[in-house]
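In structure tokens below, several structures.
Two complexes come next, and they have one chain in common, subunit A, joined by subunit B in the first and subunit C in the second.
On to the complex of A and B.
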């Protein structure tokens, strides 16, 4: 690994000082769980959000199987969604995550997976709130 | 005998060198890069530090004795040539060969290129087929691929789950126009030792040349070219505590192996490899071989003990750890372990005080996981979870213990952060999940 590949301190920080590692109760109605990626690809992220009655995200947790950049991306995602409404959180973009963590080009896919994890968690939450509406939308 | 140099021709005293640092220093925070503490070095398959005795042997040729060994007309040349020939003998002695069979090269990559392309091209009018394995070093595989574009046919033998080739499959692979078989002695990623004796017998019986990439083997395990019926062998300096930028190729004289040179020029090295032989590097390679011959038995015993210590400690404390490659037919100093449910690069980042490498895709420029692990049938997620530990001549027990302790600590921590570990603890079968595609 050449000097240019040295892990950015922002990435290392998320591992050394973890924030929001853990799990919420996936059976709770106001918790949305997103599971994205695949073990065969070396990247799996589980991201959970707890939403209050006003549609605001009050808590978030993550667990990740992946490189340092993947861990940092999902960790940062949980930090950013807290305090946002569901619609605001859907606007979080992978490029912002990558910029904040100084991810090199070869690691950009980690930030993309984190964005997918957020969307998957929120989609799961929405589905739980109104499964019938989802069904009719599909048709 | 080389006549002594007249006083007035000797060079001035070289400026004082910085204090010599021992190859391994204690671990500590390495954030500043230039500080006194550096990470522990546990990646000897990638490269090794210079043995102090090798450096000592090289210094005169990097300072006062700077002659070109091919200069026939003066003492600088004669002195340099004598040193080069002594180094050649030292390399030959290590492998049971004759000096005249050793050609200096820039490293094992060049030696592998010479062996494969050189032999194939020389005999191409009658022979067009080559046999090799799927776990060879990239330079061997790429040389073969390049020959395929020239019209040669190559059989890439698969390996069994333990990393060894199946001798029956090798026998079945021979064709009437096979010119060369190339199988590495010790694998650089998983440490397995191929059955070189048996392969040599099979090739000799069929009068097919046998080449072996012995970069990770010589100086560490006994290798004899006559005993093992080897016709060509690649040697690397920087894998055996010698300098980088030099290696050698052994080319058998009886029965004679011919090869088409890759590098044209003034005809040095019997016309097989033109170019000025870099005397200081050749001297270093020779010294490294001689030192390795002396230290081989002791090193092997000590490294075996340390390896056993590492494996036992880790596997007794951490569940779901897989050792990649055959348990028995291996070189002990190369240990490749997969830690299920933990990704390799994240573990390397966590073990920041230890220099290690991984078979994970994230650590390769191509983002593909190790092809060697894929060849032995490792599941892809375990390939992403692999770490290679290298134990060498200068590795201490404290370094092994520190590495083991940190590894156990961080594997546990990363498993606590892993959704896969969580699912397995909940009794979920990961193979039953439909993962999202990417």
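On to the complex of A and C.
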């Protein structure tokens, strides 16, 4: 195994000590659920957020089936969104996740998947808050 | 092989795997014909038959043999065959994330993954395995139809689904191997 192929310790850490694995009640009004997949590698990722009455994310959970980098990216994502407001969390970018985990170029799409999962979860939460607004915006 | 002196030549760069295995460039393949072609090609170029030949020919033999293995594996498996056909037709492999549009499908994949993650007995594993096999067969039929009417975008979409199931099949295989 070439030295360049070594798995970054950050990824191993999240893999062996994942933070926030699990589920929140997807039927709760203040829970947003994002379910995304990467067709190229067949990874699936579910990320959920619980938002309080002030628009701040108080809890987050994830379940990811895929490579170590995908698991680490979603684990890190749940750590990062906690404590942020919905708008702050929308600013999390895949490049930041990738940098934090020292992901090699071939695994950058995993961090993109995590960013998409965050956005999907927040979009779901927003939709649940005001479904009528979504309808009128469409017209 | 060189027609003059019968020495083994290097394989062509970027060969068409279908042409190499003497198959039409189509999603439908005759598995038996493919296997026959594979065996006859390996009989001609396998390194075991080149032990006494000059080192250059031995090297070419390894390249040929390896290429034929790759061609055979690619064309035998419906998923890899479909993806290769898309590639030959200039269709980019799916890169964008699957999102809400496919949430029913992704939920299903998620649920099967969760089931597999639990400690389970042999019977449940058999049940899941059979169910996945059925789904793959059905998807393969749909992909065949899509290619036949030249609907490459639909084929691409269906092959992406097959990829998720293929990953599940690998996980099942690993679960069955006693650790």
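Everything that follows uses one rule, which is that the second predicted complex is superposed on the first by the 134 of 139 C-alpha atoms of A that agree within 3 Å, B and C clash if a C-alpha of one lies under 4 Å from a C-alpha of the other, contacts with A are read in each partner's own complex, and residues count from 1 in each chain.
In the analysis below, contacts are C-beta pairs under 8 Å (C-beta built on N, C-alpha and C of every residue); 3 or more make two chains touch, one makes a residue touch a chain.
Not measured: the values here are computed from a predicted model.
Applying the stated contact rule after C-alpha superposition, one finds that A:79 touches neither subunit B nor subunit C. Residue contacts after overlaying the shared chain place A:106 against subunit B, while subunit C stays out of touching range.
Contacts of A:63 after superposition: both subunit B and subunit C are touched. Of the two partner chains placed by the overlay, subunit B and subunit C both lie in contact with A:37. Once the two structures are overlaid, the count of subunit A residues touched is higher for B than for its counterpart among subunit B and subunit C.
Of the two partner chains placed by the overlay, only subunit B lies in contact with A:71; subunit C stays clear of it.
By the touch criterion stated above, A:15 is placed in contact with subunit B alone, subunit C being left untouched. According to the touch criterion, the shared surface of subunit A, contacted by subunit B in one complex and subunit C in the other, consists of residues 35-44, 46, 63, 65-66, 109, 113, 116, 120. Note for the complex: subunit A touches subunit C at residues 35-44, 46, 63, 65-66, 109, 112-113, 116, 120, 123. Across the complex, subunit A is touched by residues 341-343, 345-346, 349-350, 352, 360-363, 365, 367, 369, 379-381, 384, 416-422, 430, 435-438 of subunit B.
If you check the complex, the residues on subunit C that touch subunit A are 93-100, 102-103, 106-107, 109-110, 113-114, 117, 160, 163-164, 166-167. Subunit A makes touch with subunit B in their complex at residues 1, 7, 11-12, 15, 18, 21, 23, 35-46, 63-71, 106, 109, 113, 116, 120.
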